[in-house]
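Dropping the structures in below, format is structure tokens.
Common to both upcoming complexes is subunit A, partnered first by subunit B, then by subunit C.
Right after this comes the complex of A and B.
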């Protein structure tokens, strides 16, 4: 058990190192830097700019920059934002919290809908409910996220049922705590709906396929022969047997918590990681970009690791396999 | 429908849709960047065959638009002025398939302009922009998938065929790229390239970025197939006869991987079209005035446009039939390969 987990952990660790090297490599491809725009300003002397560049080590070769960045990461500091003139980590944390609030809710809702829907669809394979579900998931798959988000935004603006974008009303500070929660919920509704609708079809299809795969297995027929009621059969016998691909998928949705909602955040102007990163890209604030990519990679690695642990717990085949090794 | 029929059907659908976009110059009545500044945000003109006096016309026509009296941004149909739709007329010059100079358009009206899908802020014809925008968006998806698959195939085949430390090294790299949050990586790579570039450069930049980020998944799939294919008897026989590695890869292993490559293409192309749309929507892709589905949609970032002019939303929906085609093709392809697998499995259990 420990060896298996340690191997997965080492794997995740190397992944994060690899990503950091890769993002740094890409920064060398960048023509220009954050301070280039200041060159146009006649009030800033070229010497000042050179000094600024030297201060942030932008005039150093890549290897040295990477080494000093790793050094600062080891000291608990993942970079410095030029635009905000402040360390990157606290800036990212605030946005990441907003993103997580959104995506955690959406993930929970999406799985809570997808599991029963997928099982139901697999149970009635080829019959009317299955056909209806298959067709509606196909329709949802075909509509791009962007169209979905924009459509919901139009709905919000036309009807005024929901606020269009943002995370809080202007008078948020003056509201009582109960009203604050209500206000937040109202702002969250549309992005959450957009996220759920964009992830739901994939989840439902996977659940359906996984359950349909085991539904005709001999052990289920035997269990049915023993007179076990269909509901127990479905949820206690079929679903655990179908869990393997679903656990991997679940790990993936945990991993995508930080990176999956980028576009919807931008369209719905949710103050999360997405718009922040976009802004940093446009301003060439490279350490913010590197930090953001690193944050979401850590989440992805953590999601994969979680999936591995869960798989070990859920699927006896993996346990025996790693024990025999 | 048999699987074969399904595949052929979806290929036909996709072929038709892409054909229309490929011949955008012919189907589009105007040049996509030609402005008509006195008609901004003109709503789509409706096609009529019965006029205000209840006379039936054989030739469909539209009414000219004019400003509603007292307003400056609302149009009404002007029932005194009809504009009949003429088919196969000469109009704005364009290049068919990018090189054949032509002037023939499917429909138009020599002097007066007809806007079947309305106009944008500069009075540019939305229909023409949609069609020409499709060229950019679809072909960046197609070319991106083409590059991704070729890079992926080369790396996957090399890893699977040569094995050993090369395989280990390449697969670690693949795992690295697979684990990256790919939209973020796309952004990060794009972030470190020049922001303002001319449209043609931007187009190839997007394709390069997409290919640089996406090659890992096909590489892994191809490697798996090559691993099993290189142990097949006919490959061993060819090697025994002294065939070179290159010959074996090209002649015996490439055909084995073709079904996976096709399925991957059907999955990747829409994903990459979407990637182009996302980048252009956020202003990181193909810049104005050249249309692409992404930058057509970027107008909608202004709330006033989003609420007032519904026809600006059409580029988002035009994607759907293409996606449907690719989804249908991908599932038909997967179905056939799955059935093959099941068949083999059941045969194996009998033996």
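Right after this comes the complex of A and C.
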């Protein structure tokens, strides 16, 4: 077990290192830098810009800049934002919290709907309820996230039931605890719905396919032949056997927690990583971009690691294979 | 309940989610002391008397980065700093003239080299600490410090030397220049006076850049502006509260500002700002695009949208006139022969349909321009500058004179060719993130097609474009826009001078590449130190005429400044100078004060 986990951890470590090198390379090699826009300010002399570039080491070779960045990562700063004139880590952390609040809620809701719906659909494979679910998920799959979010904003504006974006009312600080929760829930509803609707079809289809595969497996037919009731058959035998692909998908859901909602956040003015990273990309605030990618990679690696651990626990074949190596 | 606007209008918005005292300068006198109101000491402002109280909510397109004027480089930070800080002399955004601010009066020495400023009595920072000339001395020491890299430093180098500042007494300070400075006291606009008691230590320790982050505790930051820091929520909002020590009064002697609170909501893009305004979550909106303005003006439900007229932004086309030496390919050298020919540039200018650009790109909310002084600039436009009508015939005649000819292709299309028989083909770079300029480029492409030119429009991400144009210099032509910060010519000095970094067609020249650029350099440098407005205007007009004749920049259009506010907001008068709607923030008030305050 330990060796298996250590190997997965080593994979995750090299993945993070590899992604950091590639992100650093691509972002720094992209044309233009943060101070370029100041070139269009006729009041700022080229010498001032050169001095600013030098101050932020933009005139240094790539290797030195990478080493300097790694050093700042080791000191918990994850680089320095040119725009905010401050270390990147605290800037990202505060926004990552907002993103996680949104995506965790959406992930929980999506799985809570997808699991029973997928199982129910698999049980009725080829029948009317299954067809309705298949068509509905197909329709949801072809609607772009952007259109979903925009549609929901139109709803907000026309009905006035929900705020047109944002995370909290201006009065938030003066509200009672209960009203704060209510206010947050009102602001979260539309982005969560948009995220759930965009992830639900994939989850439902995976659950359905995994459960349907197992339902026709010989061991279940044999169990059915022994007179085990259908409910027990489904939840005690079929679901654990179908869990393997779903655990991998769950790991992927964890990995997408920081990066899966960026577009929705921008459209819905949610103060998470989305608008922050978009602005940083456009402004060439490169260490913010690299830090954002690093955060997402850590989540991806953590999601994969968690999935591996769960698989090890759920699937006896992996345990056997790992022990025999 | 508020009437809900139409779905179509929403969809249109939503679907684009992604995507002077100078007058005194003109007078033959060197003394410009203000004739102060006997009640002086706190400045009295004329205008509509408002009522105190309430909270104004406005949206900012994105998040400001700092409260520190020394390192602020982005427009949003400057907008916030503008309402939290004050300068010695201020440019009134409505009449574009200077007016006394922290300095109650100033005098200019007969030789034009020394400015003596007298501060008001009893000035206090927003933390209650008194302000005096030591704060002024400290502020300018910071701005001029080479290690601070303050963007303001370049403005404070006059005649190649930094301005020297010396204290006379607790209220009087003298600014000594190496050379007379034509723009005079405009120099002091935007130079916030910094709180020495808070910043001297970090400055001495070389840590000034790390001070003034938005997350600073409210008592760690102070200014002399109408509002002070109350609360910052990262990514969401910045709440400012009335500065109880603010020095301005209205004409009835009431303390300003009228508003108790000013809230900035951070909204990631223009269309989201419109949604917030439509839904009533914000009270005011500025920098509206023409389409959003059109949508809102059809609704006007409890709010009014205002067209303040053309601003100071000028959009223009320019050709690559850089001397690339050995780096230039034979193909580019051939193209550059056309670009260097003034008749070629005049032909392009002649065929550009500026009126169509204003009509189609700005929906009529803009002005056609033939120079970098837009109609929004009240004092510096050259009335004698020709505004020729679009003429295909004149353009053809100019090209013919320059040795170009036309051939007819197999499909009957006419192709322009140079004297060597090569077709005239080139590309125009434009910013992919600016939809207006992309449309402008497409219209220009169509205009040039009528002359037989084959033009490709290449949209590039803005910083990549800047890199191509200012660093690599690998481009044929480029469509760009610059927004002047001030109406005075000196704000565009680096566009005019051949040594300037924003002399975009051939920047940072060690020596002027052409005789006409040398002449412009001479005129601009002379006007910089000329003593009267008439002298400066005469020189500046001549420079504008040379630019219009040689067309290194083919000026196209200037958009109007479009803004909107709830009808309950008083004293809302958008200006064409930044900050467009908050320039008179101390006088903005809510007509139904309390109701709005508790919304």
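Here, the second predicted complex is superposed on the first by the 314 of 325 C-alpha atoms of A that agree within 3 Å, B and C clash if a C-alpha of one lies under 4 Å from a C-alpha of the other, contacts with A are read in each partner's own complex, and residues count from 1 in each chain.
In this section, a residue touches a chain if its C-beta (ideal position, glycine included) is under 8 Å from a C-beta of that chain, and two chains touch if they have at least 3 such contacts.
Just so you know, these numbers come straight off a predicted model, no measurement behind them.
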item	value
Contacts of A:292 with subunit B and subunit C, given as first, second, both or neither	first
Which of subunit B and subunit C A:20 touches, first, second, both or neither	neither
Touching partner for A:259 - first (subunit B), second (subunit C), both, neither	first
Partner chain in contact with A:143 - subunit B first, subunit C second, else both or neither	first
Contacts of A:304 with subunit B and subunit C, given as first, second, both or neither	first
Touched partner set for A:121, first subunit B, second subunit C, both or neither	neither
Contacts of A:272 with subunit B and subunit C, given as first, second, both or neither	second
Footprint overlap on subunit A, where subunit B in one structure and subunit C in the other make contact	30-32, 146, 150, 153-154, 157-158, 164, 266-267, 278, 282, 284
Complex contact set, residues of subunit A against subunit B	11, 14-15, 18-19, 22-23, 26-32, 138, 141-147, 150-151, 153-154, 157-158, 164, 255-256, 258-259, 262-263, 266-267, 277-278, 280-282, 284, 286, 289-290, 292-293, 296-297, 300-301, 304
Residue numbers on subunit A that touch subunit C, as the complex places them	30-33, 36-46, 48-49, 51-52, 55, 83-86, 91, 94-95, 98, 146, 150, 153-154, 156-160, 163-168, 170, 173, 266-267, 269, 271-272, 274-276, 278-279, 282-284
Subunit B residues touching subunit A - in the complex, by the definition given at the top	172, 175-176, 179-181, 183-185, 187-195, 274, 277-278, 281-284, 297, 300-301, 303, 306-307, 310, 313, 316-317, 319-320, 323-324, 327
Residue numbers on subunit C that touch subunit A, as the complex places them	1-2, 4-5, 7, 10-11, 14-15, 17-18, 55, 57, 62-63, 65-66, 68, 71, 73-74, 146, 149, 151, 153-155, 209-210, 213, 231, 233-237, 239, 263, 265-269, 272, 275-276, 278-279, 281, 433, 461-468, 470, 472, 480, 482, 484-485, 491-495, 500-502, 508
